[in-house]
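Below is the structure I would like to discuss, written out as structure tokens.
Going by the order they are written in, the chains are A, B, C and D; count residues from 1 in each one.
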Amino acid sequence: MGTFEGDFRSKLREVSSGAAFNNWLGLEVDEAREGEVELSLPWRREFGQYNGYLHASIVSGLIDTACGFAASTLSGRVLASQLSVRFLRPAVAEVFIVRGRVIKPGRQQVFACGEIFARGAPEKLLAVGDAILVPIG
Amino acid sequence: MGTFEGDFRSKLREVSSGAAFNNWLGLEVDEAREGEVELSLPWRREFGQYNGYLHASIVSGLIDTACGFAASTLSGRVLASQLSVRFLRPAVAEVFIVRGRVIKPGRQQVFACGEIFARGAPEKLLAVGDAILVPIG
Amino acid sequence: MGTFEGDFRSKLREVSSGAAFNNWLGLEVDEAREGEVELSLPWRREFGQYNGYLHASIVSGLIDTACGFAASTLSGRVLASQLSVRFLRPAVAEVFIVRGRVIKPGRQQVFACGEIFARGAPEKLLAVGDAILVPIG
Amino acid sequence: MGTFEGDFRSKLREVSSGAAFNNWLGLEVDEAREGEVELSLPWRREFGQYNGYLHASIVSGLIDTACGFAASTLSGRVLASQLSVRFLRPAVAEVFIVRGRVIKPGRQQVFACGEIFARGAPEKLLAVGDAILVPIG
């Protein structure tokens, strides 16, 4: 991937489409700029846990992916070494909006954080989290 | 679900089969006793991130599910309020083994932790994590 | 303590002065309003770890206290059940500024986050973190 | 400090005594071997939060120090980049025992975990946590 210099969004879409799980999810890269991304995911019934909320696996994966993509706009390929997620409200939405942002870039470690919202007016904050990403360039 | 008193494993299988995402995964409940569970997940190509390791989403979901199931053997239905995962090594295996264990039960909060191994002799530790679960009885 | 309705700052000062460790630190409550606080701590040599940065113990304690005080403006007495801190840069400053904010209030759990800055123009972000607080009213 | 090859315990005591805050605490290094340490801390009234439990700052600092010392037996000087603590029970004891252990060593990141007990027979588990340490050799 290399550090992006051109069109972050199309690069991230290419990366995402190379990830089998992201393809199954149908994850969309809506915006990307230096250190920040916005993703979206339309709800599907298969994403549910036992009472029909978005499964913690997918909530966590959205935070991880948003953090990782935000980091990759600055540092190229990265791997997460740590992920932490706080589940604030039942994750229910027709479309989930996910924002990731780099808090502190670095050569050895990139610190990033993410938020998941239910799309709407107003948006509703469902979960927050953070990740440490290690550049593997 | 109520606090389990009988066959933990068959109760957890029933709960798991009611979770659409767990069904898609093909997650197996191999062992369950008071405060402890063991799950397994055979690798499928769809589970991969961009370089073919198990996607962080699924790593996280396995830790979350093992913690939640371990908690539910003591406290019935629970929801995670916090999940944290450390990715120690590339998550590559033919079969992933996941162990969850309650560290501290409680009426308001249950503290649990989990580990993911690549099945083999010896097993290889791939990721560790912990969760706080809230009983919703 | 009860839920504050009047002068948050003087109530928090009273609470803080009842905590022996906060007195030793010399922690100041500079601002407090519903769900938000700002604290400050002037550097002293005793606060150092082996190479003279602010000790992780105190970095963590500042995040914890800011989160707890922010939560207590909404929920009265609280106890932390979980604390997580990311150390972004060496914690060096003449005066440390700490901001805490509630992300999601709740009857069973309050989610809050905090940031530590080196005072200056511009301020420099040194550490971030989050906590889950349990009301014990 | 360099990677320890000889007497881990006396090396760690020397390191600890170079940290002003650890001196104020009166932290003892009781045992140290490759990847593992045991520390102890006798209670003093100054360590209390508002209701007399060990302050979260010190609970966190004990986990951080145990993780960092365990890491340093394998990797020499390290700095924490991430610390997370779960407060399981009110931290009350005459003497606190702290054990730290490396989960996964590494050149870029060391993963470690720690536990705090109230000394006694049986010991009582009060808090658990984990840290990521970066070697700064």
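The definition used in the following text is that a contact is a pair of C-beta atoms (placed from the backbone, for glycine too) under 8 Å apart; a residue touches a chain by one contact, two chains touch by 3 or more.
All values reported here derive from a predicted model rather than from experimental measurement.
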| item | value |
| --- | --- |
| B-C against B-D, pair bridged by the larger set of C-beta contacts | B-D |
| Remotest chain, chain D as reference, centres from CA atoms | A |
| Chain C and chain D, separation of their C-alpha mean positions in angstrom | 22 |
| Chain centre separation in whole Å, for chain D relative to chain B (CA means) | 29 |
| Chain B and chain C: spacing of chain centres that average the CA atoms, whole Å | 33 |
| Sites on chain C at which at least two other chains make contact | 81-82, 84, 86, 111, 132 |
| Parts of chain B lying in touch with chain C, wherever the complex brings them together | 81-82, 84, 108-109, 111, 132, 134 |
| Chain D partner contacts - residues on chain C that touch it in the complex | 15-16, 18-22, 24, 45-50, 55-58, 60-62, 64-65, 68, 79-87, 90 |
| Touch list for chain A against partner chain C, complex | 84, 86, 88-89, 103-104, 111, 113, 125, 128, 130, 132 |
